[in-house]
Amino acid sequence: MAKFNLIQAIQDALRVALQVDERVLVLGEDVGVNGGVFRATEGLQAEFGSLRVIDTPLAEAGIVGASVGLAVNGMRPVPEVQFAGFLYPAVEQIVCHVSRVRTRSQGRFSCPLVIRAPYGAGIRAPELHGDSPEAFFVHQPGLKVVCPSTPYDAKGLLLAAIADPDPVLFFEPMRIYRAFKEEVPEGHYTVPIGRANIVRTGKDLSLFAWGTMLRVSLEAAELAKQRGWEVEVVDLRTLSPLDRETILASVQKTGRALVVHEAPKTAGLGAEIVSLINEGALLSLEAPVLRVGSYDVPQPLFSLEDICAPDARRILHGIERVMTY
Amino acid sequence: ILTAGRVLATPAVRQLARDLMIDIRLVSGSGAAGRVTKEDLLAHQRAQQEQRLSDAE
Amino acid sequence: MNRTEWSRAERMALTPERLTEMYSWMITIRHFDRRAVQLQRSGRLGTYAPLEGQEAAQVGCGVALEKGDWLFPTYREHGVSMVHGLPLATILLYWNGRPEGCIPPPNVNIFPIAVPIATQLPHAVGAAWASKLRGEDAVTVGFLGDGATSEGDFHEAMNFAGVFKLPVIFFCQNNGYAISVPLHKQTATETLAEKATAYGMEGVRVDGNDLLAVYRAVKAAADKARSGKGPTLIEAVTYRYGSHTTADDHTRYRTEEEVEAWRAKDPIERLKQTLQEHGIWTEELEAELWKKADEQVQTAIDEMLAAPPVDPDRLFDHAYATLPAHLQAQRAEMRALYRSEGGV
Amino acid sequence: MAKFNLIQAIQDALRVALQVDERVLVLGEDVGVNGGVFRATEGLQAEFGSLRVIDTPLAEAGIVGASVGLAVNGMRPVPEVQFAGFLYPAVEQIVCHVSRVRTRSQGRFSCPLVIRAPYGAGIRAPELHGDSPEAFFVHQPGLKVVCPSTPYDAKGLLLAAIADPDPVLFFEPMRIYRAFKEEVPEGHYTVPIGRANIVRTGKDLSLFAWGTMLRVSLEAAELAKQRGWEVEVVDLRTLSPLDRETILASVQKTGRALVVHEAPKTAGLGAEIVSLINEGALLSLEAPVLRVGSYDVPQPLFSLEDICAPDARRILHGIERVMTY
Amino acid sequence: MNRTEWSRAERMALTPERLTEMYSWMITIRHFDRRAVQLQRSGRLGTYAPLEGQEAAQVGCGVALEKGDWLFPTYREHGVSMVHGLPLATILLYWNGRPEGCIPPPNVNIFPIAVPIATQLPHAVGAAWASKLRGEDAVTVGFLGDGATSEGDFHEAMNFAGVFKLPVIFFCQNNGYAISVPLHKQTATETLAEKATAYGMEGVRVDGNDLLAVYRAVKAAADKARSGKGPTLIEAVTYRYGSHTTADDHTRYRTEEEVEAWRAKDPIERLKQTLQEHGIWTEELEAELWKKADEQVQTAIDEMLAAPPVDPDRLFDHAYATLPAHLQAQRAEMRALYRSEGGV
């Protein structure tokens, strides 16, 4: 065991993956010599060489498209997109090909790649560095979308993603990259994709969150406790496919629910969670399932990022609205 | 009798329970999956009224 | 092509049998193409993209490759795909919107058709990269048209290929048009081959209707790639006689005179002349090849028409390696709704 | 008045727009000489010249990005993307710039453009020609998203979109381009953006649909009538901003609702509609709000497109599930 | 630059006053840049992208333009933006994540910074297109770095500019790196200017640290564009002395020797030499210019630091021309939550 923060856990996952499977490649802008702008790939090129850890030209559609070619021709590429807001130039490749290769060829070809991207605001970064575009990739069938909130989950989920025969988008909560450390097993292990984790049990309200929003949600849950409400906090960990079982079981227990995410509220992933709760547990609901998301405004420059994204106060306000409905 | 566990009812039925000032947890559900139906609420309301009448006597 | 410019080995390789084979391919492809258009008109094939006029570019390319090489085609590569081993029936199934149309036989290295323009080029680059990493001598060919050169994915793929010196050939059939947009509205350069220099890459422009010229260019580029000397952009100048697809009407944007001028330089006619010069061509041969083409194409049509109705389970079968629970539920609902009457 | 089908109505709107506002430009692939692959722009270049109706190179990010430049520098561009599935290469320009120019510059600059794109499957077209990507653009704040289902609405909404100071994505239901004709006023008129239209009243269930799904929904409503259910069919017409008032008023009346769209169900626009109904009218609900969308599989080649997308039978099945809950 | 190569008019235009003005700009920009880095280190400015070393490229470009010309900048164009009229305080506000930082004064034609690489280039093309349509003689400049030339948007913009012969200048500051990626890993060509030929466009490579060379190249390109002769790609070869941004550490991927070698060719030093050759430079002038720069920069810093807390209403104010109902509701909720204590 070692005590790792999120970045170290991710780095370790990549190291283990490069070790155990010679088909694995790490590629992207500044990932090689520089070790990545967040040092996620620090030391990997020195250890595995520049044929396996590659600095690419500045071209996301090219990086992801080349990764498709690598993947269908026998490799296991793990491309990094420097920030999730720079996934947009690669959307055509992701939505038209990464997600469809297997179906289109009825399994004759497949696309086992993992696209890593830091996401979320809160670190005073320039525009587009703080976007949360996960909803796009949950909506497009054929992909898996994963978002850990802890170092243990990050390493295990990333290794699971790399081993997965299907393409995975791996969103890394940038603002907590170095926020805390925890025990992380050495060597290879996986955390199953598709399984949520109940990080705090409670009988009054089910709060669903992921990635960057876990800590503020737990903060809000503590504030709610002072008001006499026991909030169950569920870390979804996988956004696609959603762990419908865990979500519904929790709501059936509490009868009240809240979804918290950084992305804009309208047509964000919260809407899907509300819908599936509505479909599968309507009769248990004592109150509407509410969502706390970023305001439906274009992501602002960073002086306004803290107001735009949910914080503990706003989440508590959401809890209150649901509890007092 | 308080229903053990969670009361199942559609949101509309819950609204009706509020309007009728009935504590839905006291109502036994006869609907699909044990849910409290509108009829259950009305039956409960009638029973309440009868009970009050007989109490008053 | 001046015969003295060819090396002895090249002249040796192009035996009468080989030349006849190439000629046969062109005839087969042209016949297939015409039958496909007819099928579409009679409602038995969906919208189809004819390639008549481009046969030499495609056959010249296809015969210059080795079996293990990879093709990353657009929607107009039926010809070269056939040469490379894709069954004619598979192609027809594709144009009837059948999933089988995207599945090449085992050991036939043809990736499914990429519809979004130029997006196949980064794929070709990646596949070539994998070959290079494994030390294979397979070459990858990314196909594109003239219009595709305006897309960003062309640029990004070309640049990657140049930087990483990958064993990839960018085979561009410049047929003068992107649907209705003529080349001079597409780009300000006279040629497409010259764009290669922007990537530190060699660009070769050939007469796309001279099959042997195309053959030579592709063979040279493939040999170069196999020996680790990197990528090439080949611009095969050719012409699309027909409309962009059967849903298009080319008379709206070009003249019959222009089309006729190109027909006068017909690629099949030209190879026929070469065969005549070599004493290979006979009327019997001609008749035999068209007859053989017809049989082959008819067999494929019959096979395509005889395909059983598509199984709607195919929607779900390969959405993922293992179908997740929510899709199992959707598939169950689909089966209940659409199969209760015994099929679609 | 004239009797127009959808294509003629759109063409007429473009003609009127080019006439009344010299800043308006129509640009895209094959829109000039060829009049568009669906003839939406037929005759416009001949009438207005090649400086106003322009055949562009094959490059969607370039077309949309250049339209941004045209728009911020005083023009009113109306770029056409040949099929909605080819919006994907332009997503970076749309999501990073088109939608954000006004906010980013606090109104100093604005981006009054309209991107037109045919969408939806059902005409046996090749892959990617039948995609329904509207949810992406509803999720991104700063855009308006419009989708008419009739010729009258198409002309009026397109003229409204072109006059709108904000950027609009205009999705045209391809499969009904020539399906029917109706009376369409001559000259300039608008249909307000942001207002849904109740096309069929009913007391039992509120069915929300748009574009390609109107006709099959009305078909299903007729079948439902035979089962004794009166379905209210609401044509949303604008997908962003949603007409929450009309949606909620209808559900408050009927107590039951169904959303029908072509896009994949998960995290599609149906989820947002379910969520807002849940937020604003939960206590009216006698049943869960269900969604009938395409199956959550990658859009298939056309031999499977009719099964993949909702048809009247599947919509009726959804109505039945809601009515018999 | 050989003085005999300049036309008389050009030499006349570069009066001592003008040369001094250019020199003053470079000093101001360098001083601003260094103060900005200090501010970031002391926590009073967010992450900042220094441009030290690139002053001649930016000033040479800026002074060659006319007031009505348009700039479409990246995040590193602080220098040329100042020359073109953007207040220094506005630039500082930008790096403190303030919306005011994206708003140029009226009649200052500078578009807000585009963060996604190369996406500003199609904007520049469109803006130039609008100018051309209206028969204006405004020129548009799209800025980019070396890394940006690998993006598809660069390609698509360049191609449009060439096809439509637009009055746009693509001004590329090749500073040798895209964050940590050196040019030879970015592309296989030796220069970036040569990529212009792929678009039928003229490409000009200049010593980006020779302000007068840059000035001349931009002026020529602008004159050419104004006379309807179309676009130009200018590659200004320069160097970024510091890290990519204050969040980067350039010592991880390059040597101090390399940086020092470039400092030896410092652009400000070089213009100083020119001023000395012309008898313009004096120690008093030098001191005065640095003092003036310091006052100007300090004023801007004070203004930036004195900015009142950002009003959270700014999140909503201009999301749309008219705030829709659902956003009015969200704004009300935001105000209730975050303003109840009298401000953020």
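To keep things simple, chains are lettered A, B, C, D and E as they appear, and every chain counts its residues starting from 1.
Note that in this section contacts are C-beta pairs under 8 Å (C-beta built on N, C-alpha and C of every residue); 3 or more make two chains touch, one makes a residue touch a chain.
Here is each chain with its UniProt name: A, D = Alpha-ketoacid dehydrogenase subunit beta; C, E = Pyruvate dehydrogenase E1 component subunit alpha.
This one's a predicted model, so the numbers in the text were calculated from it and none came from an experiment.
J.: For subunit A and subunit E, what is the smallest step count along a path of chains that touch one another?
T.: 1
J.: With centres defined as the mean of C-alpha atoms, identify the chain lying farthest from subunit A.
T.: Result for the farthest chain: B.
J.: Counting C-beta pairs in contact, which chain pair has more, A-B or A-C?
T.: Higher C-beta contact count between the two pairs: A-C.
J.: Which chain's centre, taken as the mean of its Cα atoms, is farthest from the centre of subunit D?
T.: Measuring from the centre of subunit D, the most distant chain centre belongs to B.
J.: Need the CA-centroid distance for the pair subunit A / subunit D, whole Å please.
T.: Computed from C-alpha means, the inter-chain centre distance equals 30 Å.
J.: Centroid from C-alpha atoms only, then distance subunit C to subunit D, rounded to Å. What do you get?
T.: The separation of the two C-alpha centroids amounts to 35 Å.
J.: So how far apart, in whole Å, are subunit C and subunit E when each is placed at the average of its C-alpha atoms?
T.: Here subunit C and subunit E have centroids separated by 45 Å.
J.: Just curious, how far off is subunit C from subunit B if you go by their C-alpha centres, in Å?
T.: Chain centroid spacing, subunit B to subunit C, equals 71 Å.
J.: For subunit B, jot down the residues that touch at least 2 other chains.
T.: Where subunit B meets two or more other chains at a single residue, that happens at 10-11, 14.
J.: Which residues does subunit A have that touch at least 2 chains other than itself?
T.: 57, 59, 61-62, 85, 88-89, 92, 96, 103-104, 127-128, 141-142, 266, 282, 285, 295-298, 300-301
J.: Where in subunit C do residues touch two or more of the other chains?
T.: Residues 99, 102, 115-116, 150-153, 156, 159, 163, 185-187, 314, 319, 326.
J.: Output every touching chain pair, sorted by label.
T.: A-B, A-C, A-D, A-E, B-D, C-D, C-E, D-E
J.: Mind pulling up the subunit D residues that touch subunit B in the complex?
T.: Per the touch definition, subunit D meets subunit B at residues 255, 282-287, 325.
J.: What residues on subunit A touch subunit E, complex-wise?
T.: 29-30, 33-35, 37, 55, 57-59, 61-62, 85-86, 88-89, 124-129, 265-266, 295-298, 300-305, 307-308, 313-314, 317
J.: Which residues, counting only subunit E, touch subunit A once they are in their complex?
T.: The touching residues are 46-47, 75, 94, 96-99, 101-102, 113, 115-117, 147-148, 150-153, 178-181, 185-187, 247-248, 252-253, 310, 312, 314-316, 319, 326-327, 330-331, 333-334, 337-338, 344.
J.: Would you tell me which residues of subunit C are touching subunit A in their complex?
T.: Subunit C residues touching subunit A: 70, 72, 99-100, 102-104, 111-112, 114-116, 119, 121-131, 133-134, 140, 152-153, 156-157, 159-160, 163, 314, 317-321, 324-326.
J.: Over in the complex, which subunit A residues touch subunit D? Could you list them?
T.: 61, 85, 88-89, 91-92, 95-96, 99-100, 103-104, 127-128, 133, 135-136, 138-142, 240, 263-264, 266-272, 274-275, 278-279, 282, 285, 287-291, 295-301
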